[in-house]
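Here come two complexes built around chain A, the first alongside chain B, the second alongside chain C.
After this line comes the complex of A and B, so read on.
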């Protein structure tokens, strides 16, 4: 049988993307459309005294909105509802929206924006975690805490008693910018029935809908949200479009016209969310042979002014804080603090890159303290089938950590090189211009929402039969470049037994598709793909009943193979004919089903104990670097990655995800230095916020390992976020191997290396 | 004030009338409705707006319409297909999985086309250099480089 799963089927959207036909929001010619813009806070914290509309400007030529124009509630609707759509009395961060403007041309818009002046009574802002802890100024609640968790496994005292050595370390990471190539972009278009279509570059149509219904104070039938092709997202368009969608909706309502709002790169960097800066402290007890006996972990995130996704980002971060290691006695505490910085939100990895950076840099420190090589230490402690994680989750199947470790290590002769570089570099210190090093990281990422989240979400998806045997996939899952709208049809095509070309995903529009949950959390392939296999089974069953009836054959003997219905060796009819017959004789064939979690999942959100995720994907990275000892420039020469993901639905897309995500990690580790000073982002364009170019890439080697997961489609698990988790520690560990300089705060800029070198 | 330019646009002689201080990017996307060319930063940093002007790759956000001369040769992504559909380079992008979100792709194809016009047999380093002005945040560049390498 012709299968699509497991092949490098070309993306279904690539032809249009390669010819310029794909219409992103800015490419749409919307008749009579006005241009929207935002006037935002220029101070990190203070009271708005007055909004001055300069009388020299003709205000009759434009439309403006303040919070007073909001018919419903003035806040986004997420886990917490603390973030206003438009500031009222106070502003809490630079870039917080105060006034919206829509104008018939971009020129008039720009003039209007520059004629609005905000008078503030500025206050002293709270900018760091330390200042937030001080509680002298309260931003959120009584303690400036946006979220906190504590996970306890075993007894730390017992664990530390068993230890021969206790090793401590502190690790820090900074703000991280998504830097999608297409900036935030949304439009609102009035419908003929008086309702509103809100569309644009967004990951989660139903999130935006939820906020719009509350902001506009209207029924869900008065507004529909449609996702358009997206020029990248990486989490950056998970929560932010709920704000931008509200802006365009308010402007369109007030002006009675379509309004398009596309951020300039500078506005995008100033206003949109970032990855949470972090401080992670480890205190670890180990036996002389390297066995981990106790792990005490403290995680602190800087959340910025509003909660956005912080409670769940922190939760996911702390669940992964002990890394892919077996240890009986673990206590992880985690707090996310509010500060007067731009809110931090979702960013590929969702808190995990920070905690994995810490544990993986720390493992190398432990290895050195014990005189064991980093590979052996990891191999000794890595989680295996039948082990439990720090949340006491029993690993029942599909645990590829050891295999990943073994594959990368063998793939690049890790031990041999690590020993050789260490010897050479110790001998040559200061005398060689270029010193080479090799570093390792082992990591995992839980797929899907945490705990029982997938049940709470009531995830739905479906299939609908079209004429001539075309099958339409009904899902709110969005295509943002990751390949979802190719991978999901591949899964459906194979489950049904029809060619891939007969399956396509409907445009994710809340009027057309059910709520499949947000396109986040590495959940689309594993959760929605699994649900679609269930839908396909029911869909096929309905067709079999029809064929059995029509052709008087035994239903149980029927199969759908290569788009033909067969009974034993006899071909009954083809899928196209059957589809047309079904539609004309029976009518619509539409199957919508709801996701059910694997039955064994037990989770206590209060203690964070239990089955945190249906399954983890596992990976190991080996980075090989050259450090220029004159300039302290670091070049990553080669990156070997092994990933265990259950089943690769489309291997070339998997490799693309692994390479692309790892390059984002490389940027975060070495060059992406988002400086926010006194609440003001300093690098407001791509000239000063440096992301990797083609010149910065290593030689990529990606190994795919498949250990099928019973509740994944064809055994598949998620990999969207995983690749961002491991790159940074592998690189930092390689820099140590090359130079003997242990940098615990990323990005590792040449300046930091120089300072560290001067200390020696 | 508007000015007129008679240029070769994607193989067709075309007369364009636009403000001389309009960005070429806005003329291409707005007046000519060729929206394949993207704006990523508006400051010449990302290369999403790359077009070929007289066989040289330029950032169309940094060139004003008035800088064009009659007889200039302008190629945008819409001009890359041949009679049979996707050209060799585009087909190689499909085969190698070089396309993810697609926002950088028109500019990337233009940069690669310019590179191959000037250097028929670029080395990997030369390919990297040739597309170093085009930012891609999705792919990790490896598959794009391979796609270009395979048509050499």
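After this line comes the complex of A and C, so read on.
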């Protein structure tokens, strides 16, 4: 039987993207469309005294909106409803939208924007976690806390008593910019029925719909949200499009015309969300042989002015804070503070890169204190089948951590190289120009929403039969470069027994597809893919009933193989004929089903104890670096990655995910340094916000390991975010191996290495 | 905004005399960026991109002359430059991406007058003369006096840079261009330097050191040069020269790097160049 799953089927969208045929929002010529723009706060915190519309400008030629033009509620609809669509009395961060403008041309728009002047009574902003803790100025609630958690397992006192050594460490990360190629872009187009189509570069059409219905105070039938082809997202278009979608909708409503709003890179960097800066403290008890006995972990995130996704980002971050390690006594506390910075939100990894950076840098510190090789320390404590995580989740199956560690270490002779470099570099210090180093990180990422999130969500997806035996996949899941619209059809094609070319995903438009939940949380393949296998089973059942009736054969003996219906060795008919017969004789064939969590999942959100995720994917990275000991420039020569993800539906896409995410981690570890000074981003474009180019790419070795998960499609688990979690600590550990300089705050720039070296 | 599009140099100079405050547009790799987001709002733009007479790289007997509109790619591909001033090609190769090298010109790089302009330390180390032309005629300005301050030059309204001349480098000279950026490609320099040295019987008989991105203007390191000139090149001389260097430069902290790091790298560059010279001499 010809199968699609497990093959490197080319991405269904790749031909049009490679040949430039794909039309992004900026390429669409929408008749009579006006251009939208945003006038935003230029101060981090203060009261708006007055909005001056300069009378020398002809305001009749444009349309403007303030919060007063909002017919419904003035806030985005997320977990915490604290973020206004447009500022009312106060502004709480630089880049907070105050006035919207739409104009017939870009020139008039630019003139209009420059004729709007905001008068403020500026106040002293709260910018750091320290200042937020101080509570002198309150941004959120009574304590400036956007979210907090505490996870307790065992008894820390007992754990520390068992320890021979206690090792402490503090690790920091900064703001991180998504740097997608296509900036935030949305348009609203009035429909002939008086409703509105809102479309653009967005990850989660139903998120945007939810906010729009509330902001416009209308029924869900009055507005539909459609995803257009999109030039990257990485979580940056999870929550922000709810704001931008509201902007274009308000402008389109007021002007009665289509309005397109595409941010310049500068506006995008100033206004859109970032990854949360973090401070993570570890205090760890270990036995002489390296066994972890106690882990006390304190996680602090800087959330910016509004909550956006912070409560769930922090939750996921703290759940992963103990890393993929077995320890009976763990206490992890976590707080996300409000500050007057641009709100932080979703970013690939969702809080985990920060906490994995901390634990994985800390593991190397522990290894050094004990005089144990970092590989041995990890192998000794690595989670295995039957162990429990820090949330007391029993690992029942599909636990590939040890195998990843083993594969990656053997793949590049880690232990031998680590020892040799260490010896050579200590001997050569100050004499050799280029020193080499090797570093390791072991990590995991939970697939799907945390705890019972997937059952609360009411995730739906479906299949619909088209003429000539084409099957349309109905899902709100979006393609953003990760390959969802290829992988999901692969799963459906194989489950049905038809070729991949007969299956395609419908455009994610809230009028056309059910709510499959947002395309986030490494959940699409694992959760929606699983749901689609169940839809496919029902779909096939319905066809079998029809075939059995029509051809008078036993239903239970029927099979659909290579697009043919067979009964025993007898071929009954082909899929195409059967499809056309069904459509003409029976009518529509459409199956929509709802996702059910595996029955054993138990989760207590209050204590954060239980089955945090249906399954984890596991990985290990080895970074090999060269450091110029004169200029402290770091070159990552090679990254060896082993990943266990249940089943690789499309191995080349898995490798692409691993390489791309690791490259983002490389940028975050070495060069991406979003400096926000006094609330103002300093690197407002890609000239000063430095991301890696092709020349910075190391040699890749990606090993795929498959330990099937019973509740994943063909055994598959999630892979979207995992790739960004491990690269940074692996690289930082390699730099330490090369130089003896331990930098605990990324990015590790040559400037920081020089400063550290001067201190020695 | 008027857009002036002359078809030859004479026409360009005539327009320039009529619109002395216009912004001159060559390859556009800096000007277009400034027009879009940098607040540049000139009354007129004089587009000289099409003036082929400013695109030559020639052997003029005592000098090599480079037309102001020679692109970085022209320089990278010029056999003459390769043979005699290969470090200029090396500098051009570090500028932006290939697309920028195809459009960006050496005259534009100089007139943008950024201390981080990549060709500037090379022109400085080679004591290039700059040809400054107006409708009234031309004058030659030594590169060393060309920059009067941060992003300021001696070029007056009504004048434009039309070319450069560089005296033939003496035989047996070693030269290098070194740059550190924030990543491996498409990067603006944190620090860069151009060195030339002639060593006879271990003695330094010619030395030229120029740095970029360490002061408001590209710098010749006069004191360090004076110290080295005539000395026998030894490890001790190198140590002393590196110590001297600090008084020649005034680097700053900015978005790309720190003053400390820049100062440190200047020393590293000088040491590397002199050590290599010592090895080959």
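Everything that follows uses one rule, which is that the second predicted complex is superposed on the first by the 760 of 760 C-alpha atoms of A that agree within 3 Å, B and C clash if a C-alpha of one lies under 4 Å from a C-alpha of the other, contacts with A are read in each partner's own complex, and residues count from 1 in each chain.
FYI, a contact is a pair of C-beta atoms (placed from the backbone, for glycine too) under 8 Å apart; a residue touches a chain by one contact, two chains touch by 3 or more.
These numbers come from a predicted model, not from an experiment.
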Task: In the overlay, answer first, second, both or neither for which of chain B and chain C A:631 touches.
output: second
- prompt: In the superposed arrangement, does A:6 touch chain B (first), chain C (second), both or neither?
  reply: neither
Contacts of A:411 with chain B and chain C, given as first, second, both or neither: neither
- request: May I ask you to decide whether A:693 touches chain B, chain C, both, or neither, giving the answer as first, second, both or neither?
  value: both
Task: Identify the partner contact of A:21: answer first if only chain B is touched, second if only chain C is, both if each is, neither if none is.
output: first
Message: Let me test your reading of the model: by the given contact rule, A:754 touches which partner, first (chain B), second (chain C), both or neither?
response: second
- request: Based on the superposed arrangement, let me know which partner A:683 touches: chain B (first), chain C (second), both, or neither?
  value: second
Message: In the overlaid three-chain picture, which partner chain does A:671 touch, first (chain B) or second (chain C), both, or neither?
response: second
Message: For the three-chain arrangement built by superposition, which of chain B and chain C touches the greater number of chain A residues?
response: B
Message: Looking at A:72 after the superposition, I want to know if it touches chain B, chain C, both of them or none. Which is it: first, second, both, neither?
response: neither
- request: Determine where on chain A the residues touched by chain B overlap those touched by chain C, and list them.
  value: 264, 685, 687, 692-695
Task: Over in the complex, which chain A residues touch chain C? Could you list them?
output: 264, 266, 630-631, 633, 635, 671, 675, 682-683, 685, 687-688, 690, 692-696, 750-751, 754-755, 758
Query: Which residues of chain C touch chain A in the complex?
result: 37, 180, 182-188, 255-258, 260-261, 264-265, 268, 271-272
Task: Under the touch definition given earlier, write down the residues of chain B that touch chain A in their complex.
output: 29, 33-43, 45-46, 48, 76-78, 80-81, 86, 90, 93-97, 99-106, 109, 127-129, 131-145
- line: Per the touch rule above, chain A residues touching chain B in the complex are 8, 10-11, 13-15, 17-24, 26-27, 29, 178-183, 229-234, 264-265, 480-483, 652-653, 655-656, 658-664, 685-687, 691-695, 697, 700
